[in-house]
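Consider the two complexes below, in which subunit A is the common component and subunit B and subunit C are the respective partners.
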Partner chain A sequence: MTRARLTRGAIGVAGFLIVGELVIRLWVGRTFDFPAPSAILYEAALLPVDPEFLEGSLVTMGNWGLGLLVAVGIAVPLGVLLGSLPTAEQAVRPLLEFLRPIPSVAIIPLAILLIPDDAMMKVSVIVYASLWPILINTLYGMHDVDPVAKESMRTFGFGSLAVLGRVSLPSAAPFMATGVRIAAGIALVLAVSAELVAGGVNGLGVYAVKASSGNRMDLIMAATLWAGLFGVGANLVLQAAERRLFRWHWLRTGGVRT
Partner chain B sequence: MNVLNRLWFVPLVLAAWEVTTRFVVVSIDFPPPSEIVVRAYELWFSGPAARLFLTDDALDNILPSLARMFVGWFLAALFGVVAGVILGRSRSLSGYVDGLIEFGRAVPPPMLLPLFLVLFQSGLATQLATIVFGVIWPVLLNSVDGARSVDRTYTETATVFGLSKAQHLRVVVIPAASPKIFAGLRLSLSLALILMVISEIFGGTDGIGYQLLQAQRSFDAAGVWSAIALLGVLGYLVNSLFVLAERRVLVWHRQANRIP
Partner chain C sequence: MTRTLRCRAIAVGAAVALALTACGGGESTDTSASTGGLEKTTIKVGALPIPDPVALYIANEKGFFKEEGLTVEPVIITGGAAAIPQIKNSSLDIAQTNYVSTFAAVERGEKIKLVADMYQAGENTFNIMVPNDSDIKTVADLKGKTILVNNLRNVATLAVETQLKVAGLTEADVKFAEKPFPEMGNAIAGGQADAGWLTEPFITATQSQLGFRKLADTMTGETENLPIAGWMATDDWVQKHPKTLAAFQRAIAKAQALVSNDRKELEAMIPTYTKIDAQTASVITLGSFPSELNADRLQKVADLMLEYGYLKQQIDVKSIIVAQPSDG
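This part shows the complex of A and B:
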């Protein structure tokens, strides 16, 4: 089953590349100056030995990882706290509902004004954008805790901290993990956006802007290919971790969610 | 009373913010909320009554921004739903493109801004292409999922009644998939707002995002804050309108499933 899927996927990718190659070489390439897949793949293969690209992607991924980590450190405790104090949550909820619709990239110009340090500014906007999915999912998970399990613990004379540690947290953890996975994608968008707006010495976005000012579309596409592969890789790792850690949760809910 | 109970915290925060920025931390970068509101009024809402009080700035920036966002979103929704329903109905076909979709949605869309700028040499085409590319994935994936997981009983009933392929699609598959499709559309809408802003900041000559960048470049902190507030209000309104529309369209679904 999985092997058949992999074969089909490989055929699909190969077919896409071949059709793209033909269409660009024979048709689109005559009006637009767009690089063919073979040219893009060739550049992409060379990029890992290009020190500028390598350093840039390390900087971007570093900001991404750090921002995501800090966001987890803030949003998870906050979500658990609010989730276990209904009155506090009721009070704060409207504030969250007002802040959440603000498109996160709009924060970047403000961050540039407020935070003079470039790296700090970039990490901050990543943190801000990643907070929301993690916080919302943690809250959702805290609401989803089975009340019977909580009441049973209480009946057995456990205090509220024990209930939190033994029932609420484990039961909300899969939701937190889903929030982190969603945030990981958003964090990458923000990491690149901040570099596009603020520039900087190094970074994936900086590299793409430089390549575009030299009209090197093949280089941008190659860098984009790596960015996409990085996104796929991060997603796969987080998904595998979720499946492994929370196997019991997916068994219980009976879903093979992706 | 109920509203008071629910919302008391927001005015409290606003008041604390006002007092802090007026008396404790006095900085141009942190204007008090009243100043932000005044700046927003000056920028966009102090126009003549005949134009609903909108200023030239508002007409020249807010309207193009909204138009870009909705056109991009609409195009992505159209492609996404059509392709998604086709892929969802054919398991083998979706097997071939799964990998490509997985890759496409992992690409951070802003990476493509510099590319589209070189390719199209035009601001509008760049912005639209970025929005369409970025927001198509949630619609596509949800449509695939919705069309794939149509209840077997429905499809078998349709076969028994001898519905043609087109009828089957129109009467059974699309309605059954529509709750998922709407969920995807809603996700895409908020993503479209984000990409609208970044594409205007990076390659724009007008729009709220462009105004935001201009305010930042001229160190007009109140202008930056008010543009962010305006975007938040727009995001809230657009989302609420969508939820309202969704409720009307999917009223049968809610009734059938007894969702309050």
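This part shows the complex of A and C:
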């Protein structure tokens, strides 16, 4: 079954590329200067042997990973804390609801102004953007804990820390993991955007800035393709980890196929 | 809801907000006597990935900075205006800027100084380009048309306005729209605009790939040999690092002289730090790379800006340049 799905997926991608190639070569390319998919794929295939691109990708991925880790380190404990203290949550909620919808890309200029260290600035905006999905999902996870299970534990004389550790956390963990997976995508957007806005010594976004100034649309698109592949890769890894770690949760919710 | 709880909650919220804006702090200024008394031996210099700042990379590769005891780390910036916050918060020591932006920023009250010259326009380095079949044949035909520029109220619009004036038009007779250079060609080809103010490598690219033709060279008449770009630092940085600055200026001047005398050096260097390939680098039209920061030449830019209303008051350029100490 997976093989059939893979085949169908491959056919879809190939069809998209062929249509794109024809549209660009026969129609768009007559008026506009835009690289065809074949040209982009060719450049994309060459990029992994370009030391500048490799180094840049490592820098961007490094910021991404670090930012995501720091965000998990802040948002999960904060979410658990707020989730266990409803009054505290009510106090913080207006602030959260105000900060959360601000497009994170909009804070990049502010971050440039406030944070003199380039890497720190980039990681900070990634952390900021990644916080929200993790925090919100953790909160939902904490609200979703089965009250009967909690009450039963208490009836047997367990303290609130034990209830937290044995019931609430395991129950909320799959929600947190989903939050991290959503945050990973957003973090990648911010990792590249921060470089596009602020520049830097090296990075995926810096590479795109250079390619743009050199009128190399093919290189921009090739770098974009790789950024997309990194995002897909991260999503697959996190999803696989989720399935493995929270198998029980997966079964309970009916093993939703994504 | 108890009062203490709410206080604690607000404190937590504030702590998160603080953590997010946590500054790097701990600025390291390495002072060392062994390097000729430079206040700082490693500096970060912001430059655009375009031909203009080629001397920075030449000076690095030829060891001109090393000879001065200076280690220069080039950082790609996304624009001169975007670099101002970066020199202000010391994430960069020196950065590329264009003179029109600089003088406008000085009038706004930014405390910045020009420390070295970089790039001066030459013939056909900044042209108004139109599609080959366009019915715009002369600058006067631009009346009522849309012209794309990379930045509004900057060197682009200023240069175009000087040409409009010659044709008996003013800024009010045309519509300026902002578009990054790489997107201008396609936008004009697609009918979003009628003409575009372009520089290299985009002049050559739109000619060869979209069949555009040159309508006018904007660097003639009042704008002939117009100084375009230079290096800037904050007043504060200049005051604290006089020896480092002098070392930077000497090395850059040497590289500028080398580039001016030998186009081959320039063509070989451009593909190493930009995405302009060697073939393109050999055919693009480039201006000149002056070695000396000359107040008289730069004053022309400020005076033009005043004439066209880009400045409200006269700026004495001498007061914002820090020239290289003679034989320092």
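Here, the second predicted complex is superposed on the first by the 255 of 258 C-alpha atoms of A that agree within 3 Å, B and C clash if a C-alpha of one lies under 4 Å from a C-alpha of the other, contacts with A are read in each partner's own complex, and residues count from 1 in each chain.
Heads up, the rule we're going with is that a contact is a pair of C-beta atoms (placed from the backbone, for glycine too) under 8 Å apart; a residue touches a chain by one contact, two chains touch by 3 or more.
Fair warning: this is a prediction, and the values are worked out from it, not measured in the lab.
**Student:** Have a look at where A:121 lands relative to subunit B and subunit C in the superposition and call it first, second, both or neither.
**Tutor:** The second partner, subunit C, only.
**Student:** Could you tell me if A:231 is touching subunit B, subunit C, both of them or neither one (first, second, both, neither)?
**Tutor:** First partner only, subunit B.
**Student:** Which touches a greater number of subunit A residues, subunit B or subunit C?
**Tutor:** Of subunit B and subunit C, more residues of subunit A lie in contact with B.
**Student:** Contact-wise, after the overlay, does A:185 reach subunit B, subunit C, both or neither (first, second, both, neither)?
**Tutor:** The first partner, subunit B, only.
**Student:** Just checking: does A:5 make contact with subunit B only, subunit C only, both, or neither of them? Give me first, second, both or neither.
**Tutor:** first
**Student:** State whether A:91 touches subunit B only (first), subunit C only (second), both chains, or neither.
**Tutor:** Touch partners of A:91: subunit B and subunit C.
**Student:** In the superposed arrangement, does A:31 touch subunit B (first), subunit C (second), both or neither?
**Tutor:** second
**Student:** First (subunit B), second (subunit C), both or neither: which does A:200 touch?
**Tutor:** In the superposition, A:200 contacts subunit C only.
**Student:** Across the two complexes, what residues of subunit A are contacted by subunit B and by subunit C?
**Tutor:** After superposing on chain A, subunit A residues 32, 34, 90-92, 95, 109, 112-114, 196-197, 209, 211-212, 215, 217 contact both subunit B and subunit C.
**Student:** Using the touch rule from the top, collect the residues of subunit A that touch subunit B in their complex.
**Tutor:** So the residues of subunit A touching subunit B come out as 4-5, 8-13, 15-16, 32, 34, 90-95, 97-99, 101-110, 112-114, 185, 188-189, 191-193, 196-197, 204-205, 208-209, 211-212, 215, 217, 220-221, 223-224, 227-232, 234-235.
**Student:** Report the residues of subunit B in contact with subunit A in the complex, numbered from low to high.
**Tutor:** Those residues of subunit B that touch subunit A are 5-10, 13, 29-30, 92, 95-100, 102-104, 106-115, 117-119, 190, 193-194, 196-198, 201-202, 209, 212-213, 215-216, 219, 221, 224-225, 227-229, 231-236, 239.
**Student:** Which stretch or stretches of subunit A touch subunit C in the complex?
**Tutor:** Touching subunit C from subunit A are residues 31-34, 74, 78, 81, 85, 87-92, 95, 109, 111-118, 120-121, 124, 127-128, 131, 196-201, 206, 209-217, 219.
**Student:** Looking at the complex, which residues from subunit C come into contact with subunit A?
**Tutor:** 1-2, 5-6, 8-10, 12-13, 16, 19-24, 27, 46, 48-50, 73-78, 82, 85-86, 88-91, 180-182, 185-186, 189-190, 201-202, 205-206, 209-210, 274-277
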